[in-house]
């Protein structure tokens, strides 16, 4: 047992467990666990807070990864987008998101449009606030995925508006379908920590925007090949690297915290094994990308290695508990390979994904979700496919409509002149680097 | 209940609680809490250590924020200052600071000039060492605030001397007034995690230094307007961004750890809600700064958004537990607005604060401290104003005297020639960036 | 008690402790501890996971430190090396490393060549997986130390092969000698968290490689003096700084987690005091390097201050629990001085250690290990010297043989032309910085 799906179940059975415990205290010698309800409550809350701040730091990881991947005239604005979207997501997820997800009726489709408020009780097993915090940073992660793909040609404030809609409405709805105990949970879909719910959702929303926005001017030459070196060279590989290391660090919280409990022997063992599988999948993704690019291109592409780590991490996220270490390496390795070929696929379609978020989050997320039944006997391929299709179709279509409406009203793309000058100057008025060598 | 003020109370009542618990163990079924004294001790200690290392990492956040904000010829020396001041503060707070703060008599003015030594007991509720560590990183934060303001024209070793005095003497004295149970605590002042004690103290000390040092040569033109673009452009916006994200991360430890306990249901809930309010205040600060600069200046100033996050975080620090989520957003939002206008105010006064620490830490700290009674019914405006005035006046005057003595003896300002060459070459002999494009 | 050596003992006595506890539960009033075995299990596991992710983040710290220290044409490849070695170490330590270390017979020389598998039980005191994770990141740290020294002239894939051998074979063997309860543990050697086992091991392996590789072309002029400024200037001091701050942060996990337990009053106090000593030793290292370089060279060398922090941290790692705060400062301070003079020593030997890892990790590690008996009365100088010599000799000789075989088969050094062009272009095909000012 474990995974975010069981949160719903825990809310239901919490009071029963608590009652059982109270009865049990009179005969402690026969207790299943020696952890009192209150001590368990504190452990679980502590897990949410620690894992939550790790996931919060992923917002910084995305900001650095994206800052390093864009050209040096669009760095200030990508920083503004990242700090801005994290702020917007935080407020929206309090204002409407949390209850839109968790206020859903059993097997239903949508929750309630009300702000979150604290209703902690020992019975529920953890402080409500710690759960809100943990879920909020997941919501923000979803939005972070979008910002990089659309970099260098999207207007700042329309992006912020989309961030509000994605974090407040779109993500919470699909989140409720599964983790709120909605219709997908009822249909047997399984997504432990969000390969589909978080990563594919972000990737699908980004893809819709990228298609409507079009590529950066001059990105593809007349033959349709991308200009990979200047003037589209990544501005700073070490920033991409620190970004990926921060994301890797944060993923221990992302997957480990999704066990949702740390107050029993079983949960402590589970969280530990999740840490291991999460790490090994990332290792597999890095090395697979290194080997593939070395053999195919003659050079070991560091950017693909770094994105390969993300691909591996995304792939294991749907089921980080059940795989053996070897299976985790392989699942992550396939994620890394998907990133390399997915990048090529987007190039061939002339879709300009500045940071490679669509291959790493959408494509690897689909793989990871469909791979769950390989290691988890309680799941099956049908519901997994259903979840992948329904969530991605819903998110892509709604995001496409939202982007399209914005495009035809306020406009979403910068002028060619502004694009040439650089978004840093036109949007934020602050150049990113003023370095005198 | 909660907040650092109650630490003093806990030290007093600790033995009683423990006695109560021992008596209570004979009738466990009626216990208020099922957490044993030892388990509580471990939880509290764990909280201090985890929150402590988050706050420790804020030293890195300040180093990056400041590295990015200074011009590219003063980056090495700002790195030297930041790693140096953290080292100095660590030693001084052990040598004299801790006991100068906590050795204060009840309602008194100053503690004892003795080094810290371990006196852990289950009764006190947490390992003495974990508390020292947690308080030490607060002390270091205070000093970190000063280094950015004075960048690019102050001599390195006089700065280090000031860092020793601030961390060993000035900060511990005001800390004792409140968190050591001194006269301000007796007067009813409330400052949960240090809007005034830490942030305004750092800001006031920085302001005194900035006035005595004068502005960087050429900073203000003949009409008194600042030269905001080159040659005073920030060297790296992504470094400022990673710095702010690290500070935001660290602030969960800063405010969350100031609950000082994690060993009961109530404390776990409180720490969780503190995390939420801390986050929402930062969100408010970012978005307020974005909106104000967009409307006033036509461009969305990313530097003000980033400093707006700090302003929001500083503002909520005086009372991160009691506000509702909406109140936290508003308190932080006002903090963000204060940062924007505070920066303009300093410009108009021709005070050269290189990183904007005075608006973000001093001005927003005053706001946050005075706003406590809005959400905390146990406080009132009079004692809050008394605390703000007495601490800032004390710190400003003492810091001014110390800076003035140093100015008239060893000198604090670099020669104009050195300033022109760049502090990196003259002070550390190491250029910061040797980047061949 | 405490330190990684006792892990072996705990594994043996675990079942007895558990039995004692069970017996003890019938008379709780007289219990030594009020922490149940399961609660203790969770605390210990939590400690491993939290400290483990801190140490994991050190991989990022090394990547940044090294990225900043190399010249700007070898940054992408150092990023590739660091993300790659961490991935390789993770897989190798699962595949063979862990059991090669811990599968060792009592007082023996080598364990078994089998993959790790989970065998958690409440009796063992923590989740097996959390211990694997914690030990894995130590293994990766050892390899991280090597990459910087050999930068800018080593081929990428031979380095990866060496990383696999070091993480899968060499390190686990010496680790088993001590922490697995092998012959060095039996001989009375003491190395709490790995001054010798981790840091000197990494440093010795790096030194062997540096000797066989030779210096970068043009590094030493005809008179044998190093060219310290361009063209060998460090590419980015702020990246070095963030790297060192991250390492400092990670070291709390490195040393604190090596207490291996957090489930009793005594352990919580011990971990806290380890945090303090770890911090103070780093402070001492920074300030000693600052003072020495200022007095000897006229300028306060920021790079030596940063490496001084590492030297201080490495020095305290062999015994972070027993020293008084003052002793910790002094032990760290000597570490910082060793870094400064060790760097000069390597220059005089024309050994090109690009990042100064040999002085900081090997030399300071020797000092720290030999200094243990000064503060820990249960140790003596003889066994400490035995451990230092046997481990460093073993690692240096085996690493030298491995490097030599690779040199004479696949080759380990880039062509002079490639070295001139820069490793980024020839190895990864990605330039690190494309910054338009």
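Letters A, B and C mark the chains in the order given here, with residues in each chain numbered from 1 onward.
Following the convention adopted for this analysis, a contact is a pair of C-beta atoms (placed from the backbone, for glycine too) under 8 Å apart; a residue touches a chain by one contact, two chains touch by 3 or more.
Remember, it's a predicted structure, so these values are computed and weren't measured experimentally.
> Could you name all chains that are in contact with subunit B and with subunit C at the same time?
A
> Between subunit C and subunit A, is it the same set of residue numbers doing the touching on each side, over half shared, or a different set?
Here the answer is different, because the shared fraction of interface numbers falls below one half.
> Between subunit A and subunit C, what distance separates the C-alpha centroids? Give it in angstrom.
Measuring from centre to centre gives 32 Å for this pair.
> Counting only residues that touch at least two other chains, what does the list for subunit A look like?
Correct list: 39, 46, 50, 236, 242, 433-436.
> Applying the document's contact rule, which stretches of subunit B touch subunit A when the two form their complex?
Contacts found on subunit B: 28-29, 33-35, 39, 43, 46-47, 50, 54, 71-73, 230, 233-238, 240-242, 244-246, 248-249, 252-253, 256, 262-265, 267-269, 271-273, 275-276, 279-280, 282-284, 286-287, 290, 294, 297, 299-303, 305-306, 309, 325-326, 329, 433-436.
> Within their complex, state which residues of subunit A touch subunit B.
25-26, 36-39, 41-42, 45-46, 48-50, 52-53, 56-57, 59-60, 63-64, 67-68, 75-77, 79-80, 82-84, 86-88, 90-91, 94, 115-116, 118, 120, 122, 127-130, 132-133, 136, 156-157, 236, 239, 242, 424, 426-437
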